[in-house]
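To start, the structure itself, in C-alpha cells.
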Amino acid sequence: MPIVRVEMWEGRTHAQKAELARVITEAVVTIAHTTPEATIVVFDDIAKENWASGGILASDEAK
Amino acid sequence: MPIVRVEMWEGRTHAQKAELARVITEAVVTIAHTTPEATIVVFDDIAKENWASGGILASDEAK
Amino acid sequence: MPIVRVEMWEGRTHAQKAELARVITEAVVTIAHTTPEATIVVFDDIAKENWASGGILASDEAK
Amino acid sequence: MPIVRVEMWEGRTHAQKAELARVITEAVVTIAHTTPEATIVVFDDIAKENWASGGILASDEAK
Amino acid sequence: MPIVRVEMWEGRTHAQKAELARVITEAVVTIAHTTPEATIVVFDDIAKENWASGGILASDEAK
Amino acid sequence: MPIVRVEMWEGRTHAQKAELARVITEAVVTIAHTTPEATIVVFDDIAKENWASGGILASDEAK
C-alpha cells in the first residue's frame, strides 16, 4: 500500500522514470516490508515556471 | 469544506468526470453532513508513463 | 488504479469513513470502469486550526 | 523547509506566479521564521474541467 | 477557488498560522484576482522525523 | 529540487524511515542527476482507519 510521489522538473526521460520506479519500489519493499504489487509510484512533472525557491521562479533564475 | 481529489489515468471523458463529481459530492454531503457548496472535487489526470505499480510503469506493462 | 483522497475536518466517525469508502469506490468503479481492488481511498483528517477560508482559521470563526 | 502549494485555475500569467512566489515566500519567512532559500512554492494549474464545487464541474457552470 | 497548502515543521503557533492564513489569502486575492471566500489555506504540520533533505531525517541532523 | 512523498501505514520505525530517506535520495540523485541537498523526502503515516481498498477500510479488513 505505500504510495510514493516523485515531483521533479519536467524533462526526465521515460528511461529515467522507469529506473526510478524500479529502484524506489525495491527500496520500499525491502526496507518497509511490503510487496511490489502493493507499491505505487506516481511521477509529477513540474514546469520550471511552476516552481520557486528563494521567492524566484526557477524559470527566471538563470536570467 | 471537504476536498476530494481523484487521481485517474488520463482518458476519462468530460461526462465521466461530471458524473463522478456529482455522485461523489452527493455521497460526501449525505454521509459526512456537509453542503454541496462546501464540497470541492478535483481531478488529476495521470499519464500511464507517470504511474508504476510492481516497479513497472503502466505504459510499459503491456509489452 | 484510481486514488481518491478525502480531506475533511477531524471528527468523522469510523462508520462514516467506512460508508464513504464503500460508496465512493462503487461510484469510481461504475463510472470510471475500474475494479474495486484497484481503487484506493485515503482519508486525511484536518484540524480546524489547520484550515482557513476567507483568511480566517476555522478554529477562530465562531469567535 | 516550508513547501507551499498553490492550486489555481489555469490561466494565471507568468508575472502573477512570479509575484505570488515572491510575496508568499516573504510572508512565510517573516511569520514562520525561516529562510527564503528553504522555502519552496509550487504552482499547480487546474483545468476548469478538473474542478467541481456543488457537484458541478467549473467548466459546466456558466452553461 | 485557489487552494494553498503550507507544509511546515510542527511547532508553529496558532497565532503564526492565523497570520499566515490572513497574509497569504490577501496575496492570492490581490494578485490572482479572486475572493477571500473562495480561497482556502490548509496547513500540514510535519514532524522532523518525517522530513529528510540530503538523505538525512531532520530529526537526526543535529546529532 | 525533487520532492518525494512516501505514504505508508503508520508503524514504520525511525530506522526504517532513515534508511528509506537515504536510499531513495541516492536513487534520485543518481538516476535523475540532481544533488542530495536539493532532494527532499517527506513521510506521511496513514492510520489503517484512513485507508481503503476494495471499498473496505484497512482497519476493517481482518474482521
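A, B, C, D, E and F are the chain letters, set down in written order, and residue numbers restart from 1 in every chain.
By our rule, contacts are C-beta pairs under 8 Å (C-beta built on N, C-alpha and C of every residue); 3 or more make two chains touch, one makes a residue touch a chain.
Since the model is a prediction, treat every value here as computed from it, not as a measurement.
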Number of steps on the shortest touching-chain route linking chain C and chain D: 2
Interface composition of copies chain E and chain F: same or different, split at half: different
Far-end chain from chain D, centres as C-alpha averages: F
Rotation angle superposing chain A onto its copy chain E by C-alpha atoms, nearest 5 degrees: 180
Repeat of interface A-B, chosen from B-C, D-E or E-F - more than half of residue-number contact pairs shared: E-F
Taking each chain's C-alpha mean as its centre, the one farthest from chain E: B
Euclidean distance of C-alpha centroids - chain A vs chain F, Å: 12
Inter-centroid spacing, chain E versus chain B (mean Cα positions, whole Å): 25
Centroid distance [mean C-alpha coordinates] between chain F and chain C, Å: 20
For chain D, residues contacting two or more additional chains: 1, 3, 7, 24, 40, 42, 51, 53
Chain A-facing residues of chain F, complex: 1-9, 12, 16, 19-20, 23-24, 27-28, 31-32, 34, 51, 53, 58
In the complex with chain B, residue positions of chain D that touch it: 7, 46, 49-57, 59-60
Residues of chain F that touch chain E when the two form their complex: 14, 17-18, 21-22, 24-26, 36-37, 39-45
